[in-house]
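Some structures to go through are shown next.
In the two complexes below, subunit A is the common chain; its partner is subunit B in one and subunit C in the other.
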Partner chain A sequence: MKSAVIVFPGSNCDRDMMVALEAATGRPPVAVWHRETSLPADLDLVALPGGFSYGDYLRSGAIAGRSPVMADVKARAERGLRVLGVCNGFQVLCEAGLLPGALMRNTGIHFVCRDVHLRVDNARTAFTNAYGQGQVIRGHVAHHDGNYFCDDDTLTALEDQGRVAFRYCAADGAVTPDANPNGSRNNIAGVLNAAGNVLGMMPHPERLIAPELGGTDGRGVFDSLVAALADA
Partner chain B sequence: MPDNPTKTQGAQTPVADTPTEPAVTADLAAEHGLNAAEYDRVLATLGRTPTLTELGLYSVMWSEHCSYKSSRRHLKKLPTSGPQVIQGPGENAGVVDIGNGQAAIFKMESHNHPSFIEPYQGAATGVGGILRDVFTMGARPVALLNALSFGAPDHAKTQHLVSGVVAGIGGYGNCVGVPTVGGETRFHSRYNGNILVNAMAVGLADADKIFYSAAAGVGNPVVYVGAKTGRDGIHGATMASAEFSEDSAEKRPTVQVGDPFTEKLLIEACLELMATDAIVAIQDMGAAGLTSSSAEMAGKGGVGIRLDLDRVPTREDAMTAYEMMLSESQERMLMVLKPGREDQARAIFEKWELDFAVIGALTDTGRMTLVNGGRTVADVPLDSLTDDAPNYDRPHVPSEPRPLLRPDEVPAADDMGQAILDMVGAPDLASRRWIWEQYDHTVMGDTIARPGGDAAIVRVHGTNKGLALTADCTPRYCEADPFEGGKQAVAETWRNLSAVGAEPLAVTDCLNFGNPERPEIMGQFVGCIEGMAQACEALGYPVVSGNVSLYNETEGQAILPTPTLGGVGLIRNLDHRASPGIKRAGDAVFLLGETRGHLGASLYAAHALGHDAGAPPPVDLDLEMRAGGLVRQEIALGRLDTVHDLSDGGLAEALATLMLAGDGYGLDVRLPNDPDGQPLAAHAALFGEDQGRYLVCLPADRAEAFAHACAEARVPVERIGDTVAGPQLAIAGVATLALDDLRAAHERFLPTLMA
Partner chain C sequence: MKARVHITLKPGVLDPEGKAIGRGLAALGYDGVGEVRQGKVVELDLADTEPQAARDRVDAMCRDLLANTVIERYEIELI
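== the complex of A and B ==
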């Protein structure tokens, strides 16, 4: 699988994402500077990493969402290229219009870095097929603006079309307010676009890829992508 | 600039920078923090009245913060060398060898005064400054720690200060993308008017690619990079060198404002340039900004420096030479490049959208010459700013020794179970989760031991080695007996590193004290240094970098003497490491070291008596060496994975921690006896803070072999019980407590305080 990681000024999980992708795919991803106007050819995946692109100035993801490289990311996504945005990458995808909704400040006001439980609400996607439907996995969040918001019609569409990939939940899978670290509507932790080739998620799968880092539940996202490509 | 800027014919007589510049007098010098004798020294050095710009240079370079004029002669007592030391004190940070051609680079620094005045920005820029000290030397920063001292929880300002400081540390570190992995937080009324914010940064570099600050090469370009210079932070170093008074809030404009986004770009740009061989020397602009960075670089290199201030990138119009030289605007660096490499360097900084300007050149004059608007506005000998700055032998008196506190002088609680719950929920021991969940502690994907253990562990990227990191001090002990307190602070970091299985390599220190012009405060400083020196010497654990923060007083009330120590250790094989949480039922529980029930200066005594009392527990450095060595050996051999050292709160805290950090297991134990095998009073056994002790758990079938290894190493040991499947702490004849109750007590304090 050939992958690329976009690097914006202020990205700080670009290396982590590259390590996780290389471990899963066996080949190092290409780093693409945000000022490039086109992505490399023959890509199977573009990842937008976490961080504080442009210092979160204006709104998190707002300036990066209008970076030169994003025009080609959008064009290629419309032609079916898989795009994964994690944390700030999710914020950038929303700002760029590749995903609906927005990430607002956590309801608790504070930045929050902790392990959470996630329920896999759609295991039939290119990003989640390595998990079981409804499986509860460990996730890890580290964000200040992770409170997913969208209007009622969008929310209905997301739910009806199975576009909620991950939801914050309790250890037993129950979706409760206490299990929600940031106030997201319907405890949404990750959403897909209508075509299913773009996923944005606040939890960092690349931080849970080895037992010594606290767990391996994040690997499933990368393993799913590799499996989806093999099936294609 | 003149045609040949590097040759200046001797000293020049500089002129005023602006027509409105005030006349320099002894009174104006006094307002700048220079006393009459110091001002006379300036006059004698120059043989004339200084210009305002020159007065500014002397006032910051001779401030306590920059000159270490009260501390220099005593800092020399600390051991600073060893086979592992690549660079000791005197550079931007210390450097130690970690094998395989790699080095760890680290330092701790205070940002106390700014954080009290403006907690968010004060703490944030403290993080930014310490990061620059580390990446200046060519290291990629890989971890941050902090040691925070706040006033009493019920003091009117405490909640506001905790909130701002924690948000500021997180706001900066999270954005830069360096994990904040550990530290300590305490509460004591003696910090009511003067909180402490000590930040530590750790970086990694190749041992043969370390960058230093000594300038070299007459004619070489002096280059300014990073953010623009504004009027913020002017006289920050001078503020940090004076006591506080009621009107300190008026000094808010002297607190700098940080921009972590620019810092992140600066890190990447500097590391990119460092991968080439274009840099001769580099230093960050920290306290006293452009003044100290240029004076120290040129001074260390034994050359001169000439700066054309018209070329300094500024954020505001019409800044004077005085303002540019004294600004403490953040995220700026000064470097000396090899000739002809300017364009290569400029391209890198432009890519990262940072300012880049050649602002001067090295000269052969040994002087700092500043030109603004075509006029020479300052021309002073560099030595007079740096090596020849005042160096005082301040009078000091030793602290009055406190008597030993016998257990029967401290009331025993009627309900010992409740006393344990009160202790694990006390402000100084309660969970710090509310704090460290606001810090990104997992970014960079190498955090092996997260906050909350004895020492954090960060993997050396791409290897199976790890750095263990901790920051500690017990100011109650330092107040009661500065010498023993200094020893203990060193020993505690050493013990915390040993407890996770790391070989302690070296420490950085951040020495926070009151007004050194008071002999009793100076006595605390000297006592702590001498105690630290003895411990560092005995443990083969040198000091490689550090910082001194004096004048931590408000309205004549000094802080507790607080020499914070930041320890760094090496784990050669991460497969073999230890943590405090119980991992299995059926393990044997051993207590290593001697328990004498020493309640003097303990947390328990402070709570039971309502005030700090008694002499602190002595540290037996010989026993410390043997116990730490044994623990590390057993961990390295893969025989031991559950270890916690005993400190504040004694055995009670340690038992609770083993359970709170575990996976729902319990403990079935009895109280230890004294070294003669005699029983101790329950409150003394539970809450005594005898030093050099560890609590360990290991499978029962290895208990005998372990006891034998302890005997061989001459480490006193007593098996006090077993781990059990049920989630409760049962202490024979004393109390039985449910894990849920321990957890509720432990987690309550900060969320309640901060609600």
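== the complex of A and C ==
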């Protein structure tokens, strides 16, 4: 699998994302600076990493979402290229219009940095097939603006079309307000576009890919992508 | 010509920062303050000389970058 990681000024999880992708795919991803106007040819995946692109100025992800490279990310995504956005990457995808909704300030105001439980709400996607449907996994969040908001019609569409990939939950899988770290509507932690080739998620799967890092529950996202490509 | 753009969260969209400011005011003893909503102001120094053209251009800027219309509304003031 050939992958690329976009690097924006202020990205700080780009190296972690590259390590995770190399571990899962067996080949190092290409780092692409945001000023590039095109992505490498024959890519199977492009990842937008976490961080604080442009210092979160204006709105988190707003300026990065309009970077030169994003025009090609959009064009290639429309042709089916898989795109994974994590944390700031998720914010960038929403700002760029590749995913619906927006990520607002956490309802508790505080920056939240801790482990959470996630329920895999749709295990039939290119990003989640290595997990079981409804499986509860460990996730790690570190964000100030992770409160997923969309209007009622969009929320209904996301739910009806199985486009909620991950939801914040309690240890037993129950989706409760207490298990919601940021006030996201319907405890949404990760959403897909209508075609299913773009995923944005606030938790960091690349931070949980080895026992030495504290766990391996994030590996499933990368293993799923490798498996989906092998099936194609 | 200058334009001042006021960007606030849409009515109905929860404003956690506004709520925190409201609690801060209450803690200082300012009572009788209802809902607090906060936002941002962007001032633009424009080369335009014709007000309607300036307004149209700033409106396009708001839709393209300055505001996220999923959650925000904006008002343009020419000064």
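Just so it is clear, the second predicted complex is superposed on the first by the 232 of 232 C-alpha atoms of A that agree within 3 Å, B and C clash if a C-alpha of one lies under 4 Å from a C-alpha of the other, contacts with A are read in each partner's own complex, and residues count from 1 in each chain.
As a convention for this text, a contact is a pair of C-beta atoms (placed from the backbone, for glycine too) under 8 Å apart; a residue touches a chain by one contact, two chains touch by 3 or more.
The structure displayed is predicted, hence computed values, not measured ones.
When the shared chain is aligned, subunit B comes close enough to touch A:L213, but subunit C does not. Contacts of A:L58 after superposition on the shared chain: subunit C is touched, whereas subunit B is not. Contacts of A:P40 after superposition on the shared chain: neither subunit B nor subunit C is touched. Which of subunit B and subunit C touches more residues of subunit A is settled by the count: it is B.
Once chain A of one complex is fitted onto chain A of the other, the partner contacts of A:C150 are limited to subunit C, with no touch recorded for subunit B. In the superposed pair of complexes, A:N106 makes contact with subunit C only, with no contact to subunit B.
In the overlay built on the shared chain, the residue A:E95 is in contact with subunit C alone; subunit B does not reach it.
Touched by subunit B in one complex and by subunit C in the other is not one residue of subunit A. Contact residues of subunit C toward subunit A in the complex are 13-14, 16-17, 20, 64-66, 68, 70-71. Those residues of subunit A lying in contact with subunit C across their complex are 58-59, 62-63, 66, 94-95, 100-102, 104-109, 147, 149-151, 183. By the touch rule above, subunit B contacts subunit A in their complex via residues 167, 170-171, 174-177, 259-262, 264-265, 352-353, 436-448, 450, 459, 574. Subunit A contributes residues 9-10, 12-13, 15-16, 19-20, 50-52, 54-57, 110-114, 140, 142, 144, 204, 206-207, 209, 212-214 to its touches with subunit B in the complex.
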